[in-house]
Every structure is written in structure tokens, then in C-alpha cells.
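Just below is one structure, and these are the notes that go with it.
Chain nomenclature is as follows: A, B, C and D, assigned in order of appearance, with residue numbering initiated at 1 for each chain independently.
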Amino acid sequence: MTEKKTFIRPCTWIYLLLMALTFVTWFIGTQQFSGLQISLMVLGFALLKGQLIGDYFMGLKQVSGFWRWVITIWLLLVGSLIAFAFNIAA
Amino acid sequence: MKYESQKVAKLYFIAAIGLFVGQILFGLIMGAQYVIGDFLFPEIPFNVARMVHTNLLIVWLLFGFMGAAYYLVPEEAETELFAPWLAYLMFWIFLVAGAATILGYLLVPYATLAELTMNDLLPTMGREFLEQPTITKIGIVIVALSFLFNIGMTILKGRKTVVNLVLLMGLTGLAVFFLFAFYNPTNLVMDKYYWWWVVHLWVEGVWELILGAILAFILIKTTGVDREVIEKWLYIIIAMTLITGIIGTGHHYYWIGAPEFWQWFGSIFSAMEPIPFFMMTVYAFNMVNKRRRNHPNKAAVLWALGTAVMAFLGAGVWGFLHTLAPVNYYTHGTQITAAHGHMAFYGAYVMIVLAMISYSMPLMRGREACNSARSQSMEMWSFWLMTISMVFITLFLTGAGILQVYLQRFSDNPMDFMVVQDKIALFYWLREITGFVFLIGLTLYVVSFFVGKNDPEATVELSK
Amino acid sequence: MAQAFTKAMARNIFYGGTLFFFLAFLALTYQTHQAWPERDNHEALNDTVALGKKVWEDHDCIGCHTLLGEGAYFAPELGNVYKRYGSVDAIKGFIMSRPKDGVPGRRSMPQFNLSDEELTAVAEFLKYVSGINTANWPPNVKG
Amino acid sequence: MNPMEKNKWPPGDLVIWIFIMAELLAFGVFFSVYAFTRANHVELFNTYQLTLDRNAALINTLALITSSYFVVRAVSAIRKDNSKRCFHWLLGALFMGVVFLAVKSMEYNHHFSHGVNLNTNTFYMFYLSLTVFHFLHVILGMIILSAVALKARAGGYSAQEHTGVETGASYWHMVDLVWMVLFPLVYVMR
């Protein structure tokens, strides 16, 4: 039974990490920092949060094969497109 | 063919092929008028030939869909048709009303036809694809409602299968959206906005449900693959169809006075409309590869696979070609639209009706499973002749369209419309010649019903 | 864990997805109705224009021409013909002067023998159409 | 299920994952179109971005993450055959969903009262399209979760058979995942 206990704890840590990253992003937002580097950093946070959700909340960490990387591929694709677009804008 | 009442489909299919031949003849007349301006002028002006061509297309496809429904619904529901007499009655009403309308177009100037049919009481004439007099439109609604009643009652009292339910949804959607044809406000922007609820939500919405249901039926019958698998993928495909197709209507709302957010929504959603067609192609080939039996009717299987591929090419690829707003800004209202129209209609809807005819006609004419080898090989010849000539018609019109876009819209000193038309006449000649090749293919198709009637049925070579 | 891939779930996705996106489409249609008054040139609508639309429909002009890019591609776009020809009279003049037996070897518009009232009406209708805000389509005056 | 043993399929019904991919594609296209349109309207986007309420967005983000976390706890509860607690966790997730909808509605009310709609300008068009499109997804996700919660309360799920819970969970996580990108992109990046 204890082994099951430890299984829940990781997603609780992940939950707290997601909350923390959100606060950081929010703080940057309120300070209205702008500029390419800041934006790309914020984008990085978003992709990290997405990956955490994909792995721990959606349980893809326990999956092997194509489905393991569905969320990661999407995050990388959309992330790079956004980064590229912000690059042009800067 | 398990049920006697399925035979009513034979009548519908014969009428469908007859009207198909008529449609192609008028297509050839129009093709000639594009290159010889005063061909048959003033007896049959271009707009009359066009009305006959487009209206015959829609009417013969409706005959084909109804025939397909009358064939497959009893077999799927495992019960006799609710009222075969009603089906025969409605057949003659629809045929007579259709023939009268076409004769009305040909024999009387359109303005006089509008007066004769008292169009002023409820004006709905004079709009593309909806040129029928109002009384004919009312006749179409009556025929559609009694058809739905007949099919609905049959499904109610029989086995409920996904194929039947999806077909019924598609046919009901067809009837419901046709009602928007009666809405014709003076405000042109509103008139056009809701006109697309008839046209787009038909051919990129509910008709795709009908296409999916018929294709699923044919695949179940010819490949013997488990019904569960085929119906599961059918649901996913039509889910993606409506998810992308409904808001995809936006790609018609770019330049007709609708607000400009449609340029974003229309582009994004219609850009995803080819996905269900691609899934349908993968699904069709997958099912045929995983077939549990070799069905002797190879022509029907060829039509079914051909439908999936050509629907993806014509509706999917050629549609995507000019669906994004920045591209459509230049290609809107040019031959590019006509090119997409030809291959999409042929690939998605003409071919599925011909596939259904090819599968069910032998059974309705007393054969066990299929026609003789000779008749099937002629039918396959007609398949390739018609399909390849349609590809070339589309290519030539695309060439004409690209040149037209450049000369008339994109270049720095744009030319007049007619000057450009003369410059691209070569493509119109090539298109007209290919049209005759298509007619040869169609003739072969009709002849294939009479060739090898008393030869033995083709059998599957027992290699497997 | 056996992989579930049930038809029931596919059916739910179909019904849920279709209803969801149809409601979204209705919401966008509502937004469209809200935005139309500033774009659809409705102030130009009057009885003459209404008669003009009737004349346009009764003679199946859409069978050869395109209007705002929609229709047949045999004859020029008429959504901006008022700008191309410059005046109502110019449009009326063109329609009136169509030869009865057409032009040998060329595409030709039939002679509809319209009354002066109908001619004015259809020209006013085309003037109204050219006033609709079509996100500055077509790309140039040639149409 | 032993967490370390790898299986070939993601949790829940495979059909929902096909639907998830379609939704991710739609949102992905929307995000990139937003980013590229911003590239040639930088001034417009930056100025009007300031009119957005970042505090409301913070609450919304925290609400969605928390509700997503509750759903994870619900799934692990049903895996231990405890449908009662699964139901309670799902209720918590639904409550956080309601919080999201409430805060979002207030935001929209504020904007609509200032006459902002799809046709005001390109930024607002994108802001409203993206957030309303996501808003509708939150509603659809909550409908799915409610159906699952009701069935769980009725004991419809067990440790052996709980695909429905995992299906609903996967969809809800997708809705949360999409917001993870939407929040910084629309509210913060400038």
C-alpha cells in the first residue's frame, strides 16, 4: 500500500511546481517587462508546464511508443512557431 | 439482395444515369460556348445551358442518393421498405417535376418562366444552383419529406445500425438546409450569407455524411471486415467532417460583406477540412487491405477506393489550394474555383453514386454477386477514362485560372476580363476535348450494363 | 490495461463535437448580424434597388456573370461595374445596346428588351452592390 | 496498475486522444496565426494587451491547474477502487472549473461593457476568438466531467474498469494544457 502512497506524491510536487511557474509568469506580466528574451523565457516556462502536465497529469510518462511524445511534439512545434514569430517581430 | 422492396432503387439509378448523360451533354455545349462565343446563340444562351448543367447534376445526384438509400436501408434494417408504392409515386413526381423544370429553362425565356410560375408570390429564382421555379422547390420539399418519412419508418421498424442512422442524419440535414433556399431578402449580403447554408452545409456538411454512410455500407459488403471497426471509423471521420466543415463555411464569407474575422475563422477551419477526406482514403484502403474475403465485384471496390482518393484530391487538395483568405483574395471568382468545383463534385459525389450502382445493380438484375468479367472490365475502362479525363479537365482549368489570376488581378497593369478570356482560350479548347473523352467514358459505362449479360458471373481467382 | 477504442465514445465525440461547433457557428453568425449595419450599405436599399434585384434574378444574370465573385465565370464580375463604368447611365447604355443576334464568333449578352424603369432599377441595384464593404475586394477595378 | 510498467496506449479511450490531437491542431494553428499576425501589428498588440486583466488571468490559471490536479487525484482514487473519493475529487475539479468560468465571464463583461467585440480591432478579435474558443472547451470538458462524476457516484467505475474516468481526465488535461500556452502568449508576452 505504501508504494501506492509515493505514486501520488510526485504529482503533488508537480502541481506545486506548476503553481510556482504560474506565479513567476504572472509577476513578469504585471511588471510589463517586454523584449524578446523575456518573452522567450516566458514561452519556455509555458512549454515546461505543458510538458509536466503531459507527463505527470496525463500519465504519458508511463506510455511507450508514439503516444509518449504526442504532447512533446505539439509543444515543440507550436513553441518554435511562436518563438520564430516573436523573433521576426523583435 | 434480401428484400424485394430494394428493387425500387433500380428505377432511381436508371433515371440518375439518364440525367447524368444529359448533364454531360450540356457541359459539352457550355465548353464549346467558352471557345466559340456564339455557339447555339440565341437559341440556348450560356446561362440556360449552365442552369441545365448544374440543376441536372444536383437532381441526378439526389436520385442517386435516394436510390442508394432505398437499396441499403432495408438491407441494413433487415426489414422490407415501409411503403414501396410511395417510393414509386415520389419517383414519378420528382422525375416529372424535374423534366418540366428543365424544359421550362430550354423552351421559354427565363423571365417568362418566372412569370408563368408566379415567382413574384415568393421570389426564390435567379440564384446560382437555385434557379428552379418556386413551385418546383416546393415539389422538391414534398418529395424529400415523403422520402424521409418512408426511409425513417423503415429504420424505425427495423434493426438500427450506424450506417442507417448516419445516412438518415445526412438526408434529414439535406432536407432541413434546403429550406434556406426560400429565404431571399433584398439585402444582398444576407441573401448570400444564408444561400451558403444551402450550398456549403450541403456539399461540405451533410452530403459528406451520406457519402460516408454509403462508402461504409459498400466496404462492409465487399470486404467483410467487422461492422464494428468500419462504423467506429465512420463516426470519427464524420465527426471531423462537421467539426471542420461547419465553421469552415467561413471561407465563403471573405468578400461578400461579412465582417473580417471570417477571414481568420474561415481560413483556419477550412484549412483542416481535407483531414477527414485523408482519413477516409486511409480508412478505405485499410479496410480493403484487411479484407476477409475477395468480393468478385472488383468494379465496385475500384469505384469505392476511387471515390476516397478523388474526394481527397478534388475536395481536399484542390479545395485547400484556394481556401486561405490571402490566396482567395486573388482566385475568388476565377477558373480556379471552377477547377475545384469539377473535381470535388465528381470525386466526392458522382463516384460514390456510381460505386453504389456498380455494387447493387447486378444484384437487382438477378445476379448472385457481380456482373460478367467482360462487363466488369468495360466498367473499369469507363472508370479510368472518366476519372483521368476529369483530372485533366481540372488541370486545364487550374492552368486557365492561374493565368487569369496573373493577367487580370495580380499583374501591375491588369487586363480586361474578355481580353484575358481570349488569352486563355487554349486551356478552354483542351478542356473541351477532354470533355469528349469523358463522354466516351460515360458511354462505355452505360454500354457496360448491356455487355456480357448472359456470360457467367466473374469469379474470384482462387489463388488466395 | 486493454486499450479501449469504443464505438460509443466515437459516437459521443461526433454528437458532442457537432453540437459544440454548430453553437460556435451560431455565435459567429450573431456577431455577423451585429456587424452588418456598418458594412452592408443597407441605407442605399429602396424600392428601385429592390426592383433591380428582381430584374437581376428574373433574367438569371448570375448564369453568366459573377456578383461579388460568386456565379458563372463566363462574363465579367459586376460587383464593381458601377465603379468601372462610372455611372448608372453608362450601365443602362450598355444593356440597351446589346445586339439582338449577338456578335458573330464572340460571347454576347442577349438583348433583354428591358423597359427604362427596369434598366434604371438594375443599374441602381448594381450601384448599391458596389457600395457594400467587401474588404476591398476585387483587387482592381477590372473585377 | 504498477506505475513503472510501461504500456503501449495512453490512458482513456483512444478516440478521445484522436479528438485531443484534432483540438491541439486547431489551437496550435490559432496560436501560430496569432503570433505571426502580431509580428506585423506589434504596436497595436502591445498597447491593447495592457488593457487585459492579468490578475484575473492568474486566478484562472491557478484554478485550471488545481482542477487538473484534482482530476489526477480522482483517477488515482478510482484506481484504488474508491469511487466515493473519486467523486469528491471530481466535484472539487468541477468547482474550480466554475471558478474559471465565473472569473472569465466577469472579464468578458468588463470588455463587452466597453464595447469591445470581434470587430473592434485585430488584437481584440484574436483575444476574444482564442479565449472564447477555449471557454467553450472548458464548458464541454465540465459536461464530460459531470457525466463521469455522476457515474462514479453511482459506483459505475471500479479498479478493473474505469476507462471513462481516464477519458474524461485526458480531455480535461488537454483543456488545461492549452491554457498553459494561451495565458502567457496573450496576457504576458510582449
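Keep this in mind: a contact is a pair of C-beta atoms (placed from the backbone, for glycine too) under 8 Å apart; a residue touches a chain by one contact, two chains touch by 3 or more.
If you want to know which protein each chain is, UniProt gives these names: A = O-succinylhomoserine sulfhydrylase; B = Nitric oxide reductase subunit B; C = Cytochrome c; D = Cytochrome c oxidase subunit 3 family protein.
Since we're looking at a predicted model, the values are computed, not measured.
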- Message: Measuring between Cα centroids, which chain is at the maximum distance from chain B?
- Response: A
- Message: Tell me which has more C-beta contacts between its two chains, A-D or B-C.
- Response: B-C
- Item | Cα-centroid distance, chain A relative to chain D, in whole angstrom | 14
- Task: List the centre-to-centre spacing of chain A and chain B in whole Å, with centres computed as mean CA coordinates.
- Result: 47
- Distance from the mean Cα position of chain C (Cytochrome c) to that of chain B, given in whole angstrom: 24
- If you average the Cα atoms of chain B and of chain D to get two centres, how far apart are those centres in Å? 40
- Query: Could you say which residues in chain C (Cytochrome c) touch two or more other chains, in rising order?
  - Reply: 5-6, 10, 13, 17, 24, 31, 35
- Item | Touching two or more other chains - residues of chain D | 7-9, 11, 15, 18-19, 118-119
- Query: If you look at chain A, which of its residues touch at least two other chains?
  - Reply: none
- Query: Think of each chain as a node with edges to the chains it touches; is that a line, ring, star, complete or other?
  - Reply: other
- Item | chain C (Cytochrome c) contact footprint on chain B (complex, rising order) | 33-34, 36-38, 41-42, 45-48, 50-51, 110-111, 114, 119-120, 123, 125-128, 131, 162, 184, 186-190, 192-193, 228, 231-233, 235-236, 238-239, 242-243, 246-247, 249-250, 252-263, 265, 329-330, 332-335, 337-338, 408-410, 414-418, 421
- In the complex formed with chain D, which residues of chain B make contact? 232, 236, 239-240, 243, 259-261, 264-265, 268-269, 271-272, 275
- Item | chain C (Cytochrome c) to chain D touching residues, read off their complex | 1, 3-6, 9-10, 13, 16-17, 20, 23-24, 27, 31, 34-35
- Query: What residues on chain D touch chain C (Cytochrome c), complex-wise?
  - Reply: 1, 7-9, 11-16, 18-19, 117-119, 132-133, 136, 140, 143-144, 163, 167
- Item | Interface residues, chain C (Cytochrome c) side, partner chain B - complex | 5-7, 10-11, 13-14, 17-18, 21-22, 24-25, 28-29, 31-32, 35-36, 39-42, 45, 49-50, 53-54, 56-64, 66-77, 100-108, 110, 112, 128-129, 132-135, 137-140, 142-143
